[in-house]
Amino acid sequence: MTNSVVEAPPAQVPDELAPGHSRWHGVRPFLPLVALVVAAIVPYSTANLPGIFEGPLNSPGTLQLLAICLVFGGLAAGYDLLFGRTGMLSFGHALYFAAGVYGTDILVTRAGLPLWQAALLAITGGTILAALLGAVALRTVGIAFAMVTLAFAQVGAILVARDFYGWTGGEEGLPLDVSGLPPALVGVANTVNLYWLALAYLALVVFVVHRVSGSPTGRVLAGLRDDERRIGVLGLDPYRFKLVAFTLAGGLASAGGVVYCLIVGGASPHITSSELTLSLLVMVVLGGPGTRWGPVLGGILYMYLDHRLTAFGTSDAVNNLPAFLSHPLSQPLFVLGTVFILAVYFFPGGLTSLRTRLHPLLTTLHRRP
Amino acid sequence: MSVEPVLAVDDLSVRIAGLHILQGVSFTVAPTGVTVLLGRNGVGKTTTLRAIVGLTPRNGEVRGTIRMGAQSLLARPTHRLVRGGLGYVPEDRCVFAGLTVAENLRLAERRGTTPAYDKVFALFPELDRRGRQRAGSLSGGQQQMLAIGRVLLNDNRLLLVDEPTKGLAPKVVTEVAEVLERVAESVPVLLVEQNLAVVRRLAKDAVVLSAGKVAWTGNAQELLLETALTKSLLGVGSGEVHA
Amino acid sequence: MSDVVLLTLTGLGLAALYFLVASGLSLVFGLADVLNFAHGLFLGVGAYATWWAAGNLPGAGSDGFGFVVAVAFGVLAGALVAVLVELVLIRPLYSRTIEQVLVTVGLSLAGVALLQATWGADPRPFPRPAWTRDVTGVLGANVPNAGLLLIVAAAVVLGGLLAFLRWTRYGLVIRAGVENREMVTALGIDVRKAFTLVFALGGAAAALAGALGGVYFGTVSPGQGGSLLIFAFIVVVIGGMGSVVGSAYAAVAVGLLQQFVNYYGTSGLGDLCVVGLLAAVLLLRPQGLAGKVAHA
Amino acid sequence: GSPQDTASGGGDSAAPVKVGLVYSQSGPLASYGKQYIEGFKAGLDYATKGTGKVGDRKIELTEADDAGDPAKAVSAAKDLIGKGSKIIAGSTSSGVALQVAPIAAQNKVLFISGPAATDAVTGANKYTFRSGRQSYQDVVTAKSFIGDATGKKVVVFAQDGAFGDANEAAVKKVIGGAGATVSSVRAPASATEFTPFASQIKAAKPDLLFVAWAGTTAPAMWQTLDQQGVLSSTTVVTGLDIRASWPTFGAAGGKISFLSHYFDGASDTEAAKAAKAKIPGGTLDLFHPDGFAAAQMVVRAVTEGGDDVDKMIKALEGWQFDGVKGPMTIRAEDHALLQPMYQAKLSGSGTTFTAAAQKSLTGDETAPPVTQMKG
Amino acid sequence: MLATRGLTWRIGEVAIVDSVYLDLAPGEFLGVIGPNGAGKTSLFNLITGLRRPTEGRILLDSEDITALPPHRRARLGLGRTFQASSVFGSLTVRENVRLAVQAHRGGSMKLWRRAAADREVAAAADAALDRVGLHHRGTALAGTLAHGEKRKLEIALLLAGEPRVMLLDEPMAGVSAEDVPELVEVIKSLTGDSGRSVLMVEHHMDVILELADRIAVMHHGALLACDTPDTVMANATVQEAYLGESL
């Protein structure tokens, strides 16, 4: 086999580097802000979206679900910095997320540190971990790189499962000790604060990723995705730039871990599994790699489906179907898997490609008087 | 001309990713000799050849008719076309980098015919000598020889050859031209070529493309003789043709 | 002494199981260039089809020739599912690695869930000849027959695959097709058929691994394939992608390492060593043990 | 206004009582979850005498699937609490139970953990109760197999992680405390080849081997222990899993001494008869009693406490009732559920196996030591 | 300026590049010719650091750069084009060149700046595009360019780096006859100013003859001759091994 180099994700010009030329040119820069404001006032709405959420928008259950979705939207956007924008296929990104989750949890619950110190340490630790492991893993490229990162993540999973000194709680996980936490983050009535926290995290990641992609460094990263050898000949050290991207993405993932730990109120070994990295990849591809909103949407949609399909599976609509349909449909993973497969054929290029694909339709509709 | 053409392209249009790359191209290829397809970079020469062998990318759309004899070529899978005697030498050589030279050649053998190894090795002794080398480590020129050698293993009804002399040493250019000349004695060739010296030596008929349309068709030698014409069509006086 | 013999032979049995799982993966991953995360599904199909056949298919059973029929049925079912997957899902996606990941991940989730929806989450006892539960004394060690069966099967599969790749033209077509499918068709070869064949073989090898894994574990459960998969992936990568022989070497290395470290070291160290071996191999020889140097 | 107003139960005496059940409907523990919910419904029927009501108030069940994932369970619990449930029950796995328990305490609602076996649920906080047995009770039952422990050699074979740790610790305390020397052989939960561990166990020549192993690799593990002669060389004790797993022991099944939480026929109480009559299929299994007891506890809590969670807790603490297994006591100090446990033998072949009770131990005999209530 | 001292690259027993001694004076234009497979591209790969030589040294301004990685050499003023076009396919033509300009000017490791805001980079990039006549294709994705256009883009990328020593690997290959003179002019203009040196592999003899001060002939990895165009063209071995009978 010669072809050990991973194919770069489908060519996508980063939005930031593409020439802007649409009617919306003047408005577009403000759309993200509008979206942010809308998202921020969601908890004031009592609207009921039957079928989509269990309760009104401002109910704790809905906000909790939304908060998880938002964290994963941010996580996927951070992962896309590696995958979609630099062309690095890491199979071990969950490790840095897990470092954030377990780091915070252990520091708060086992060491009794105040939250802000624990969070700071966890993020710093996660970032340093990413820098160290990245420095080693980046000696390889392509599938080999994917597998080395996977191996590191696997070590993380084994260590968590081993439950050294009872720190991690092994397969049972570690509930977060909330006694020292700010009261505003504790209790169902305060779920809204967790929601805002998640929203802030998402906004931060999108802003950072967007900013970095549009920076001189981002330009180099986009170049790396296409032809690494060429970057070297232009006088830039590919290794350094890849390490920076890897470390930054790792740091963002750790920060996501801190937020997730607070939302879920603990850590469980699910998040160290290699499936999680794979899901990150799925989220990004589902949304559209290398685009600004694709990974975010992909992450949100994935988590939404992952959580909501359990309810779908037990709903009356499914139970009343004949057995050969209701049995598979009551398996959330069956539906989730099927959705991925259908997505590939119906939205190639990810959700964000829908916009361009719907464009002709919209313009025709527009022209009608 | 009363002779039936071996290939007739009629009103061929190709769109790729929304770009209208070929816009109603029509020409024929005579049953003997070399027909050359000329034009500046990016006018759609490669696109034309690929449309003929059925290799337009997935996001592309082909309209019009392409016939070889009585048979329509459109909508038939590439491997069928090739087995039916349509040989194609692509622009970027496309040798299989991970396979050895011998394996590259073996792959091109078609069932039911005896591959003409002696013919190929007589033309390119290098290929015989380097049988065990990985094709990816061949020099550019060696790869080109391999790419041409691959189609010459079999009998063909028509050869499509895209810029075969690109990147070849002058001596090899001459050799390739000679090979093609000899090949053209038995099989018609549709050739894309930038090297006008080669064109002058080989071409019988010429088709000149410009911006996705046919700008001129006729006798190639006449074209090259008329400085004004070559200047307007190809941007070079025939005197400037490099030797 | 008998400890060492026992550990070596059981380690080789484990290696054989890894190899059986890895061989199909390696074939599909290395030759068709598809990172097939649905490989675990093929294993599951093979195991459940064998299980089903032993109970329901006339002529098949859990012992003697009937068992051979049941396994053959399982292998056939695995190959068939693999072919269907290739034809319907993968074919439109060649050279689009990332979409393939999405589809095969989706497939593995949906497929395993489907198995669970049909036959439940709990392990079912696997029909198997009585002698596979017994042991054979070798130099004072009680070596499980199931392990010996795996070793024999792995050797047969290795030989068969090598013969296929070396002596048939398909091997060549497939290797070329991975590099540039278009160009293979431009040489007059229907490359699609070759790739379907790769999937059929990969599926059959996986199904065989599933069936024999059932014999080895004594049960069959929906998630069984997935849990073996991670080590199979490691074996494929250590061995060098697409190299069947490399996978065989790597499987032996991984199986023995795990076995001996688990005995002489502390718990969990075996897995860590394997992961460490993977990282070390990749860092020192990114192309894997048997892989060739990628050309610049 | 406030961005989020939590629906409150209100004091309406005829309003239904909302009870949230968060358990595994899908995922690897789906079968356990199924038994739990069947047991719960039978128990509710039994405790409300078929009315499904406490007084005038209907018990309104809302079920949510956690698929074995604590994050999903926490989301579901928050959702249910947000919608006014004052009682959450369920938790098929220990991981879920441990993460839902703090949520209950934070929001001052009652949480009745289900089949989750971890000792850590006991005494987790004053809002948390349990309706099933805990690892420690398993181990005490195991001890009953060796009689006088003094001078005996005991080996624990357990998987890595919290479940294994808890079992090892419990054996050291219970059997080691009674004078035996306890050592352990641990293996990764992901192990597929058990010969090295079997060899280690054999080399230790124990008088008693206590095995704590859960998961799909268990049959392979038993077969290896059998093939390497471990089962025939010593007394081997382990917990008896659900019926569906019995045939997977194969020939090894007859050589193992089982401690059992429950199996069909282990008891013949009123509750057991009622449960048997009510559940689909009519055969009780491992976790039916847990669901049944949970429903009994819910009815008790509502009857005595109405909508007041503190009153519910008061009503449950120290409560004694007759469950499927027999007399049960909720210990006031740490909410441990004292209950009978069983010794069992498995016999049969092929796909038909039967379990027979050898001996049953009372709730007091298997009582775990009192733990400090944490919150 | 650039010198190789006994530069050798072996694969197994075979010397692909065989003890090459080459001196490139400031401002000099050295053409490299030789049969296909003579080792010209390999020589370039050694000089730019994509391959490590088995023996010999490479000197830039009499400083030993043999052990430096490619990017460090580029930083010292060594630029090249590739025989098979290698441009950043998913970036626009303009972004390609801007990236090269930015790489050259430094400041690529700036995570928090807006790249598009740097007018100087943009201006320099546009100038480079103008020079190769690709200005009108600025917004096209480089991956969709026709072959000839990619060659021009390669040159623009090179120009953007303002290298002191340029290695051009068959820049004319595949360029349509019309554009050859234009490209020759571009290349000529590169060398006119400042003491910039060029090493160019090319099979179009007329182009070589027009541009080169001296011509090096490679054969079987070794340097067969290195002399003025007239002398080289007159060399019988060159005639026989490389040029053959002219068309």
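Letters are used for the chains, namely A, B, C, D and E, taken in the order the chains are written, and counting of residues starts over at 1 for each.
By definition in this document, a residue touches a chain if its C-beta (ideal position, glycine included) is under 8 Å from a C-beta of that chain, and two chains touch if they have at least 3 such contacts.
Just so you know, these numbers come straight off a predicted model, no measurement behind them.
S.K.: Counting hops between chains that touch, how far apart are chain B and chain D?
M.R.: 2
S.K.: Give me the chains shared as neighbours by chain C and chain D.
M.R.: A
S.K.: Where the centre means the average of the CA atoms, what chain is farthest from chain C?
M.R.: That would be chain E.
S.K.: Give, as an integer number of Å, the spacing between the C-alpha centres of chain E and chain C.
M.R.: Here chain C and chain E have centroids separated by 48 Å.
S.K.: Any idea how many Å lie between the Cα centroids of chain B and chain E?
M.R.: Roughly 29 Å separates the two chain centres.
S.K.: How many angstrom lie between the centres of chain B and chain C, each centre taken as the mean Cα position?
M.R.: The separation of the two C-alpha centroids amounts to 44 Å.
S.K.: So how far apart, in whole Å, are chain A and chain C when each is placed at the average of its C-alpha atoms?
M.R.: Distance between chain centres, rounded to whole Å: 31 Å.
S.K.: At which residue positions does chain E touch at least two other chains?
M.R.: Residues 50 of chain E touch two or more partner chains.
S.K.: For chain C, give me the residues that contact two or more of the other chains.
M.R.: Each of 116, 175, 178-179, 268, 271, 292, 295-296 in chain C touches at least two other chains.
S.K.: Could you list the positions in chain B whose residues touch two or more of the other chains?
M.R.: Residues 97-98, 136-137.
S.K.: What residues of chain D sit close enough to touch chain A in their complex?
M.R.: Touching chain A from chain D are residues 1, 3-7, 25-26, 63-67, 69-72, 74-76, 78-83, 93-95, 98-99, 101-103, 106-107, 118, 120, 160-165, 188-189, 375.
S.K.: Okay, in this complex, where on chain A does chain D touch?
M.R.: Against chain D, chain A makes touches at 43-44, 54-55, 58-65, 68, 158, 161-163, 166, 169-179, 186-189, 191-192, 264-266, 268-270, 307, 310-311, 313-314, 330-333.
S.K.: Which residues of chain D touch chain C once you look at their complex with the stated criterion?
M.R.: 27-31, 160, 185-188, 190-193, 195-197, 199-200, 216-220, 223-224, 227-229, 242, 244-245, 247-248, 250-251, 351
S.K.: Under the stated contact criterion, what part of chain B meets chain E in this complex?
M.R.: Listed in rising order, the residues are 17, 39-43, 46, 91-92, 126, 137-142, 144-145, 163, 166-175, 177, 194-198, 200-201, 234-236, 240-243.
S.K.: So in the complex, which bits of chain E are touching chain A?
M.R.: 48-50, 69-72, 74-75, 79-80, 82, 86-92, 95-96, 98-100, 102-104, 107-116, 118, 139, 141, 143, 157, 161
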